[in-house]
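One chain, chain A, links the two complexes that follow: it is found with chain B in the first and with chain C in the second.
Moving on, here comes the complex of A and B:
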């Protein structure tokens, strides 16, 4: 690579880094002020671009369209905080973070419903003709983007050092309790943080969209990159996310330029993983003083009794009996939906333990599903292994991987499991796509139906029974674990990690065990999935699948194993139900409406579960009542 | 304690698992089921398939239907997900009683729905680029779209004609991109032309500067930009121009559409498209008029107030013309799946919109050859080179 190309690569890194920095700044602002990871930040950026494109196409001059788009995103952020986050007073940090996933889905659905999913071109602010400076080709719009970031930097420096609001935000981030004693209202600061994050996202998206296009599908990717940048740079200072954005983009540009574009994602997320392990506070972040433990700030789930009664056993047993009727009562479509719901149930059962009981938001269960899927695919197709043996080996590999990973990541606190598991998922996705042994992006076709001995599970109905048996097995296994010493210790850790530690609980080993169980369940689900479809490829195990699993967990109830099935049914069958209600017309707006419903459902359920006002909203009232009767769900007064 | 909970859960399950309110087709209708992504990253392609299928059904009905039966289309959005594609296939076969399926918009998704189509004994026309969907032969799966073996050679034929000796290829890391790479490497080896760059990018990447810089450094005579999605292909075309790479930019069938034309901006003038010859109003032999193609074009224009816009639109229509030929062979309404399948397997010389179709028991994926050619977009329409 010559000097010109090198300089061009560096400039390209700067330009992309400016975009990532915009997104990362939004993440950092919200996280510092509220402790929440705002997974909607990428979609707010996308929304800024879409609004600019739509307004520009309607003939609105850009100098009006861009501020309007940024202000609209500011409003979205503020409204979301005021009417969703703020009412959810008793929500844990995990629940609040899941609410932002709901907002992300809601924004995407709204955009598709209103404007479709077609990419839109956005006119550049000052022409398309590139400028040539020292042999570097620069688009004027890239100059606008970098200039806007510099302006934001100056504005941030002024805001955080010269204004009362900025000083209050810093004070609250440094010592929330101390700040509140000084009369600083944390709720007001949360509102400001979400509004500012919306503004940053909207402005960044509006300025960046002429460089690429305005398109609904870029939101998730931008969010992941921004999140990674914030982690790499550190969220505790203003400069951290900017440094992280630039570092990430440079790493991306140089990996693509000098190593391999194919393994770019693996390198980026690998860097995030390394950063988490070696310097969890990020490049420019400040380490917490020794002994300062991360506590979930608003956790209010103090558990009065730690043993489960037989009620949940009854719920599980009854649930199994009820869903067993599906093949008898409904046709092929019902059975197909049921199979996918049961496979998802197996994953969600693991999530109930790790996220519900353990309080750790796991976003990378797809990685363990892939281990199961590819073990089954590779071993049965390439080496002729019996499906049961391949499935068992996949589960074993997943358990070992989870134990190894758990020993490392559970030494960290807060949202580190979310980030680490996400990084592991992205690395696994890249490896599966690029490795010839796993069939590359095409995957491994021709996976035989599941069989045990001479008994081949060929028909849909038979596969349904198999999936049901596996789901029941996972459910009862999880229940046994929850009712054992491990489950009780987990609840103790969830209430107060320091107290549990003081009582002699080995927190890392405890969480690792539960993580291993959830990994085994996910691996089992992955194996079943590919035996049913006949092909193993990376596509179904991405971040979208993780979001669906988290949605199912929320719908079913975080600590209710029997709720895993109800949640999965809703997630799998809701699209069909919405299509049915909308008149069976398969249009884009219906697909958008499905996302709107999913997003709204996630947000509404968490508010209902945690606000103390909407007690009768959310899952069917009767189900909620039954939850109250399970002793573990009760809270201290 | 659990009675009320179970009542609620049962009502939920009943309402969600109950058969969808399908518009039960009348028994005398021949239903084509279309499974394509109408949302998600490949929705542009899905919409082309859906519009083409709607025009194809109208065309068949104008031709008198299939053995006296009216033709009906039921579309299901796969959302670009394997799971949803499988559920769509089940719905179309079990509830809508589709007698022929067309789908699913990508090779992995087509492979994923194949077992469901086979189990339901419904012929499936594969709408995807990869050969692995129908090779080796699966009794119920047939090629329906000009695939990668059809769309790669025209670019190399053109390169040979124009004397372009240094070729750069760029594609993504999706199943489609990797399959394209395989055919490109095969063509390069056979033609003896120097492949000066083979660049790959992530399917969801938004910046391809590094790849374009390497292409610039390789100084190619032509760039073959076979992106899966329109935004990626258009972004590469624009980036090539920005980086002063003025070599012709040949794009694949996926990008020969109105969206690319809309997004490519100044790069359009430098772009050569690959697509069906019939879009140019030409027959394969340039001799006799292609009645079906003309009729399809007229029907499409009547329904959509515009000419056939892209290469994917004719795919479902070809599946319908092949089915028409098979039903004509049967000489009676095609209510026996096995008879229909056997008839499809024996159609020969069906003049479709993408080429001439001949299936045999050992070949369900004929190469379309002369049906696919290169063209440019000029003066508001597709023009031959």
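Moving on, here comes the complex of A and C:
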């Protein structure tokens, strides 16, 4: 490779890196001042690009369109904080993070509904003719992007080091309670942080859009890469995210250049996992002082426990019975949708334990579903294994994978599981698409129906009962876990991790085991899915599925196993209802509407559950009320 | 360096050193605790008491020295490993589990002796049933013994501070430890509660034979309770011995009175 092409690779990496750095800066700004991992950061960036494109196509000059787009994103960030995050006063960090997921799909759905999902072109700020410097060709727009990044960098360095507001943000990040005693209002700072994050996203997206195109699909990938950049560089300094963004883009450019562009993303997310394993504080981050681990997290201790009374057993039984009635009441349509709802229930039951009880937001359950799906698919089709054995092997593999991942992730304090599980999902999706063994994008067709011994589950109705049996098994298994010393230990860890450890609880091992349970459940669900459809392909296990599972969890109530059934039914029924209501409208805007509905539902439900104002709004709250605390121990009195 | 005894000491701390960057919070501290003994760790603020405590309980790793418990090197173990080795603790700012009842809090203590396995709980095998039964029995025992029976099913955080401290002691004892570390057990208590706590601790040691190591600022309470006092000052040990003897030590008097 000559000097020129090497330099060209580095330079094209540099401009991508500048964009990732923009996203990563927004991430770390929000994370440092509020502790929230803002999933909507990538979509805010996408929104900036889309707005610029739409305004430019409407004939608005760029020098107006770009600032307007950036300010609109600033407004979105500020409004979201003021009217969603702030009212949710009693929300746990998990719930706040889920709200940002809600914003993310709300933006995505809104953009698709309004402007479609086709790429829009944006004219460059100052022409398209490349400049030639030292034999490298440079687009003027790339110079704009890098220049803007440098300007932002200087501005944020000045802001954090020289202004009172910057000082207040840093103080509040270090010690929110102490800072509030000094007269610093953490809510005002959160507003500033979210507004600035929106501004950074909007500006970055607006300047970047002429280089590629503005389109809706880039949001998720940008968000994940921005987070990866923040992890690689370290979030504790302003320079960390920038260095991380550049490092990530270099890695991406060289992977694309030397290995294969289709494996690019897998390599990047793999790098994030390796980084979390080896140097969780990031390249430039400072390691926490030794005593820091002893500090208690300020949120998440506020959750009141939903008591595990005998009623939960009854409710769970009621949930199973209710679902059992579906084929009788709704006929064939009910059976088909019911099977999907039951398969989702199995996944959500696992989430109740790891996310509800464990407080760890798992977004990559699709990865374990894929392990189950492809184990069943490959082993039955290629090697003629009996379905039950293939399913069991898939569950075993998922358990081992979850234990291994848990060992890495749960050592870290904070909310790393959400993003890293998503990264694992992206790696699995890439692998399934690119690997010949898994059949590529076409997948593995011709999977036989499920059978045990000579008994073949051939008809839809029979499969419905099989899925119901599995869902009931998962539900009651999870219930016995929740009521055992495992559930008690999970609640204890959430109240005070240091005290739980002092009681002898191996926190990493405990969470890993529970994560493994949720992985086994997801793997079971994946196996069932492919036996029902007869084909295994990556499509049904992507990020959309994760968002549906999280929505079902939120609808059902985080700590209610019976809620898993209710939530799954709602999530399966909602799109059907939307399609029905939207009538003959084209499918694309229906998909957009679905995202808008799910996003709005997530945000509204969490506000209702945690604001303390509308206590009787929402299914989970009324369900919770119906549970009365029954003391575990009555002999004392 | 240790007092020659026929039996090995229960806990032996040798040449402990902890540095935070350039600051030496603890420098060359050595002491022993014998089985069933009550030892008070005292000293002015910043003397290194809490640091010593955090090192013994595994929250911090020392930069030098060695901690031996029942003949086993426990230096640098994690807090849960230390608890399973037989050393449990309470916290200066009470850390009961807010989402659990008093009874469930005390049951949590037995995580130090009973396994917490997802597989066993799922399969509901005998190991799991027995673990739950033993946890329940031992929790019942200590709840009765420490007079918490009337509050057992209440959410732990609704108790007054004095009772919360007692509940924390019960939780620490439910792990069937040989040594309990008490971090300022009397902080924030009124005189009646203090007297009650101190007689309770005396009874516990007599009944269970478990040793106590406590950090405490309340001098009259410490002097009236413990068998032996260790005085730390600026990370160094300046005196060690029975309360009456240490109270008359000229170094100790000058430390406390600034003379």
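Here, the second predicted complex is superposed on the first by the 599 of 637 C-alpha atoms of A that agree within 3 Å, B and C clash if a C-alpha of one lies under 4 Å from a C-alpha of the other, contacts with A are read in each partner's own complex, and residues count from 1 in each chain.
Convention: a contact is a pair of C-beta atoms (placed from the backbone, for glycine too) under 8 Å apart; a residue touches a chain by one contact, two chains touch by 3 or more.
The model shown is predicted, which means the values in this text are computed figures rather than measured ones.
Enquirer: Considering only touches as defined above, state whether A:5 meets chain B (first), chain C (second), both or neither.
Expert: first
Enquirer: Is the number of chain A residues in contact higher for chain B or for chain C?
Expert: Counted on chain A, the partner with more touching residues turns out to be B.
Enquirer: Output check: A:412 vs chain B and chain C. Expected answer is one of first, second, both, neither. What do you get?
Expert: It touches nothing on chain B or chain C.
Enquirer: Under the stated touch criterion, which partner chain does A:514 make contact with: chain B (first), chain C (second), both, or neither?
Expert: Only chain C; A:514 stays clear of chain B.
Enquirer: With the two structures laid over each other on chain A, which partner does A:495 touch: chain B (first), chain C (second), both, or neither?
Expert: In the superposition, A:495 contacts chain C only.
Enquirer: Per the contact definition in the header, classify A:504: touching chain B only (first), chain C only (second), both, or neither.
Expert: second
Enquirer: Between chain B and chain C, whom does A:136 touch in the aligned arrangement: first, second, both, or neither?
Expert: Touch partners of A:136: none, neither chain B nor chain C.
Enquirer: Scan A:79 for contacts with chain B and chain C and give back first, second, both or neither.
Expert: A:79 contacts neither chain B nor chain C.
Enquirer: Please name which positions on chain A make contact with chain B in the complex.
Expert: It is residues 1-2, 5, 8-9, 12, 16, 112, 116-119, 121, 128, 130, 137, 139, 212-213, 215, 217-218, 221-222, 252-253, 256-257, 261-262, 264-265, 311, 314-315, 318-319, 322-323, 326, 329-334, 336-338, 340, 433-434, 440-443, 445, 459-460, 533-535, 537, 539-540, 544, 566, 569-570, 572-577, 579-580, 583-584, 586-588, 590-592, 619-623, 625-626, 629 of chain A that touch chain B.
Enquirer: Quick check on the complex: what are the chain A residues that touch chain C?
Expert: Contact set of chain A toward chain C: 289-291, 293-294, 296, 301, 303-305, 477, 480-481, 484-486, 488-489, 491-492, 494-496, 498-507, 510, 513-514, 516-517, 631-637.
Enquirer: Within the complex, which stretch of chain B touches chain A?
Expert: 1-2, 4-13, 15-23, 38-41, 43-44, 75-77, 79, 81-84, 86-87, 90-91, 93-95, 107-108, 111-112, 114-116, 119-120, 130, 132, 173-179, 199-202, 204-207, 209-211, 213-214, 216-217, 230-231, 234-235, 242-244, 259, 262-263, 265-266
Enquirer: In the complex, go through chain C and note every residue touching chain A.
Expert: Listed in rising order, the residues of chain C that touch chain A are 20, 54, 57, 59-61, 78-81, 83-84, 88-89, 91, 95-101, 103-105, 107-109, 111-114, 116-119, 121-122, 124, 128, 131-132, 135, 140, 143, 149-153, 171-172, 175.
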